[in-house]
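Labels A, B, C, D and E are assigned to the chains in the order they are written; within every chain, residues are numbered from 1.
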Amino acid sequence: MRVTTPPVISAQNLDLTFTTNDGPVHALSDVNLDIHKGEFVSFIGPSGCGKTTFLRVIADLESPTGGTITVDGTTPHQARLNRAYGYVFQAAALYPWRTIEANITLPLEIMGFAKTEQRERAEKALALVDLEGFGKKFPWQLSGGMQQRASIARALAFDADILLMDEPFGALDEIVRDHLNEQLLKLWDRTNKTICFVTHSIPEAVYLSTKIVVMSPRPGRVTDVIESTLPKERPLDIRESPEFLDIAHRVREGLRAGHAYEEAV
Amino acid sequence: APALSADELTLQLKWVTQAQFAGYYVALHEGLYEAEDLDVTINPGGPDIAPPQVIAGGAADVIVEWMPAALAARERGVPLVNIAQPFARSGMMLTCRADSGVSSPEDFPGETLGVWFFGNEYPFLSWMSQLGIPTDGGDEGVTVVRQGFNVDPLIQGQAACVSTMNYNEYWQVIDAGFSPDDLVVFNYTDQGVATLEDGLYVLEESLEDPEMVDKLTRFVRASMAGWTWAQENPEEAAMIVLEYDQTGAQTEAHQVRMMGEVNNLTAGSTGVLDVAAAETTVDSLLFGGDDPVITERPTGAWTSVVTDGL
Amino acid sequence: MGLTGTSLLWAALAFWIVAWAANQRLAGLNLSGAPKVLINLLIPVLFGATLLVLWEGITRGLDVPQVVMPPPSMVWERIVSSTDILWADFQQTFLKAVIAGYVMGCGLGFVVAILVDRSPFWKAGIMPVGNLMSALPIIGIAPIMVMWFGFDWPSKAAVVVVMTFFPMLVNTLAGLNASGQMERDLMHTYASSYPQTLIKLRLPAAMPFIFNALKINSTLALIGAIVAEFFGTPIVGMGFRISTAVGSLNIDLVWAEIFVAALAGSLTYGAIALIERRVTFWHPSNRRAR
Amino acid sequence: MFARSILPILTVLFIILAAWYAGTVALNWRIEAERFERMGLEKSTMEMVQATMAMDRPILPAPHQVWSEFQVSVFGRDPSSPRSLVFHAWITLSSSLVGFAMGTLLGILLAVGIVHSKVLDKSLLPWIIASQTIPILAIAPMIIIVFSTLGVQGLIPKAFISTYLAFFPVAIGMTKGLRSPEAMHLDLMHTYNATRSQTFWKLRLPASLPYLFASMKIAVAISLVGAIVGELPTGAQGGIGARLLNSSYYGQTIQIWAALFAAAFMSALLVYAIGWIGTFVNKRMGAREASV
Amino acid sequence: MRVTTPPVISAQNLDLTFTTNDGPVHALSDVNLDIHKGEFVSFIGPSGCGKTTFLRVIADLESPTGGTITVDGTTPHQARLNRAYGYVFQAAALYPWRTIEANITLPLEIMGFAKTEQRERAEKALALVDLEGFGKKFPWQLSGGMQQRASIARALAFDADILLMDEPFGALDEIVRDHLNEQLLKLWDRTNKTICFVTHSIPEAVYLSTKIVVMSPRPGRVTDVIESTLPKERPLDIRESPEFLDIAHRVREGLRAGHAYEEAV
């Protein structure tokens, strides 16, 4: 339906091999994937299958050793210089010497926003992740979940069109996670951002995404791309619907196939 | 065996092993101490070894020390007594560069002078106080710097004059390419402020014990024999000293030359202290200034009980 | 002799045991807030007092000659009566040589580290050579510095510069690499410039290391300056005084100078540690549990 | 390997050498010029440059002068003769190794005490730090004298000074190391109802070893400094320190530099050796192989 | 049914308040709970509700400030001295300088088992968690999942009757987790141990337990105790049965109620 516009992220025959001191590690092999504007794409797969690596290639944090990738129609490098994306790391990676607010304004300072705008945006971002009133605290004074939300706020603050999120909710309990999932869906709905989302949880992937990319390790390949048939409007209890369970089942099957090799080391 | 029953005695030198102490090393090496039934240990000194402290701590029986330092220590409560005086003359000098414009003591004010401290500063201080020159800088006075281990300050022009011994540092200046004409030398003896150097000192309590006095007498006798030997065989004596030098920094030529000069200082000494010279030393230390080296005339700072037995 | 002699020694030992027991008690107390701070100060003070009493008791009790080791009471008398000398020496050695050398040495180490850090090539070249240089025993450097920079305090400052430079260089370099990969990647995703990353990430992350070097250097600098004064000085300065006082058997003055040195060193160290606490308040070692 | 580590080191060494030669000419110029002037000789610039690099007692000797002195006094002489640097290096090495061993032991004992006793923890640390602000060279002669009063001379007093310097980094590092196990690892021992000594031997000690080796590297370097310092007051009894001092006393700059380099070289070797032992132990303890 | 024998663990009005430098934290409040021999009890609740604290009280790692608790009919302290339980921490907590085998023999060394018996037991424990052949490896040579299994083997090695497990599978991906859940159930079935198991995952709690304890934070209270009606024999696809979903729903409701206050900090 959206295929008329060019994809926001497009990978062709992408290949990435790390050279380590005990031989090369083939982290990504022949990955082909198009992601269009406004899509919510989840990446799922066993540990070490290359999910993080793929996100890092998009973010110009790794250079592919083969194939091509474009982001926003240009190279990842140019896209990074254009500040085309916000990145949420697997861990919160907040700077302990900055308050939560100062952590959120960090990218804004670097990108040269005015002081007042910095403050405004930080406030808005804090509100988005339900952290009003915690701006003056230091990271270690917050729980792990709150820290993770602060790091999401930081990625949201400068309002890039692409959001790259690497297992942002890994450390949270199910209820908080559900809540943040809902919030994220709302945000995505409202802003029409393109979101790439790595997760280990099948229900989470199914609940959030318009497209689920299943990967398998050694070398990291895309084994399945599942387009979700769920509606855009998704109450939490959609997760008990047969359609949901169906997609979840398909994802689980795809994953199990990947595991057939032997379990990840 | 005699070696077993030999009386033990420890001698603390004032400085590192060099021909300045040849008499003792010769006596040790040639078996002169052994002949007196003595088992002598010679401990070399160093820049931070204060022999009076060593003897007060009980780590030596006899020390080689300069009389000013010994008298100063006596005032500080270490009851040192001179028992013999192998060095009859003083070898201390102040050596100046001729090109610094210093030719007589009147030229000192305003100059920078290098002085040894650590108990060796007393002759200099008493000389300056006799001249009435303050030693705390300024136009009227001299700037004193604590001279390090060598004569580099003079060679490099950091000081107009430095302290030298006529048997040692003076020759280092000459070796560095200065000719005697390039230098102006103030001999402490010529300036009338001679002080006695390199005497043998013990603690008062040692002299209360007749056995110890006997031991010391034998020691002084053997040591003086060593000095005489060194007078007669300067080159061999220098070689003996080199043999005992554990640092390997000494050179043969230097030690032979030093031996010659030191022999001039010990010439004619029988070990008996010249009381007149000692009184001169005391006078020059007591004299003048608001800051004399010693504050009152010492009593009992020397004795002849040991040399009487020679 | 009566009370002095061995009974004094026993009294000192008894005091030691009592103080130890008291400390055991104090350390066992479970307090918080102001009393706790007080106790934490009291315990080491009591411990120090114990050492002094033992020292006094042993020197007096065993009749140690005061030219070998004077009792602390005598040292204290000397401190009180010779404040002018001590102050002059302190000025010469600490206020001039140590501070100048410390500031220059640490500053230079810091600047060179920042410059070198940009280039792996220079880093790979300078680090091993730097490690070798910091292994040079400074006693050897001191006479050379006196030769080069003269007798007054600049030569002592130069020794201090040499001594403090490498610890600062090595620590700053290590500190600049202390920021995590993820934190640096974050800056990369913002397309942050080199100075921005330096100021906003790498320097703050390096602070614990830099303060480590500042602390090490604060004791090194004092020792270095004092030692350097053994190789030629004008006739003022702590090192000068210590060595001449040994020569003239004013051992109480020696200990008075040592006291001043230890006091100055400890206070400097304490001050730097305090600043460190304020600057690196965020570091896990400085913050209490959430 | 070559481009990544050797080439940079060579480059830096080359720059140092170049600066050194330049410094030799610059620093020695005036004295040579004055000397020739006193001798009434006229010299060309080239001759002057050569002269500054061939002085007997230069302010700064040229690298090749130091090198040839080093070679002669290390390889050219009977190692048992006091003229050989090997002789002195051995004297210094033996007392610094003894001091290092004692310092390490003392540091470990203090750390064990600090970690296990609340009183020691609270009372000792400030004084351990204060102890290091005492200028050791100042008390070195007195230590030597106090020891000789007790009848102990030679190696032990010097080793004691090394001990005094070396125990500090070990005590600090080891305290950190013994406290490094995470709460969870300690809790685990608690659930096994392990005794204090079991916890020490099976958890605290192995966990502290990396810290121990890191601080031992610092300690071995400064125990060498301590031994050298301890040799200064007893100037005539051999050792690198005595050599330095006597060379200095006789103005033998070239000998000073050669001795200095011998000391630096020895110290680098010791640090390297400790590092090697540390790596070996670490490997035996199953540490990940380092990538570099 | 089993109430005739006295409970293995019994808490009455249990209370625990931590004193911290910014005021007291009420971690456990009025907890009443009986756990009988052979039960598999899961604890679930939002972050910070006191699950870990409760386990630590049982293990005598914390002392309650009020109420009473007995373990094996005696005090937790005595029970610890009797080595009555094995504890599996939230992280693997293996000692990196010991091989996997040496890690497993650690408690045996401390408890003074004979060398040969140590080896035998280590081998058996390794087999129990499917780690045969990995005994000589060091922890970092294993994947996170394998490490976690090794830490379980370590707790099993000395064969205590009670097993306390604090989120042992938190860091694993779903497929590995499923596998370990199956293994754990088999082990429990075979040995009739009493297991206390903390988890964040509702399906996991429901799948494993005979009893699910739902907790809520601030102060930590037990809000619901759900006895499972699932049979002892539990294939993985029991999780799609209506009975399962029913229990899961009940747990989720209980949890949500706990969250109503405000989310955990």
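The rule is simple: contacts are C-beta pairs under 8 Å (C-beta built on N, C-alpha and C of every residue); 3 or more make two chains touch, one makes a residue touch a chain.
These figures come from a predicted structure and were not determined experimentally.
Chemist: If you take the chains that touch subunit B and keep only those that also touch subunit D, what is left?
Modeler: Chains touching both subunit B and subunit D: C.
Chemist: Going by the stated contact rule, which chains contact subunit C and subunit E alike?
Modeler: A, D
Chemist: Could you find the chain whose CA centre sits the greatest distance from that of subunit A?
Modeler: The most remote chain is B.
Chemist: Chain pair with the most contact pairs?
Modeler: C-D
Chemist: Can you name the chain that lies farthest from subunit E, using the mean of each chain's Cα atoms as its centre?
Modeler: Relative to subunit E, the chain with the farthest C-alpha centre is B.
Chemist: Approximately how many whole Å separate the CA-defined centres of subunit A and subunit B?
Modeler: The separation of the two C-alpha centroids amounts to 85 Å.
Chemist: Taking the mean of the C-alpha atoms as each chain's centre, how many Å separate subunit A from subunit C?
Modeler: For subunit A versus subunit C, the centre distance works out to 50 Å.
Chemist: Rounded to the nearest whole Å, what is the centre-to-centre distance of subunit D and subunit E, using the mean of the C-alpha atoms as each centre?
Modeler: 53
Chemist: Can you list every residue of subunit C that touches 2 or more other chains, as numbers and ranges?
Modeler: 68, 143, 147, 230-231, 243, 246, 251, 290 - these are the residues of subunit C that touch more than one other chain.
Chemist: Going through subunit D residue by residue, note those that touch at least 2 other chains and give them in order.
Modeler: 59, 141-142, 145-146, 149, 232, 248, in rising order.
Chemist: Going by the contact rule set out above, which residues of subunit A touch subunit C in the complex?
Modeler: Residues in contact with subunit C: 56, 59-61, 80-83, 85-87, 89-91, 93, 95-97, 106-107, 109-111, 138, 140-141.
Chemist: Can you check the complex and tell me which residues of subunit D touch subunit B?
Modeler: The contact residues of subunit D facing subunit B are 31, 34-35, 38-39, 56-57, 59, 81-84, 87-88, 140-142, 144-146, 148-149, 151, 153, 232-238, 242-243, 245-252, 255.
Chemist: Mind listing the subunit B positions that touch subunit C in their complex?
Modeler: Residues 47-48, 50, 52-53, 56-57, 69, 72-73, 76-78, 115, 117-121, 135-136, 143-149, 152-153, 156, 158-159.
Chemist: How about subunit B: which of its residues touch subunit D in the complex?
Modeler: Interface residues on subunit B, with respect to subunit D: 13, 15-17, 43-50, 53-54, 57-59, 148-152, 155-157, 172, 175-179, 182, 245-250, 254.
Chemist: Where on subunit C is subunit B touching in the complex?
Modeler: Contacts found on subunit C: 65-68, 143, 146-147, 150-151, 229-235, 240, 243-244, 246-251.
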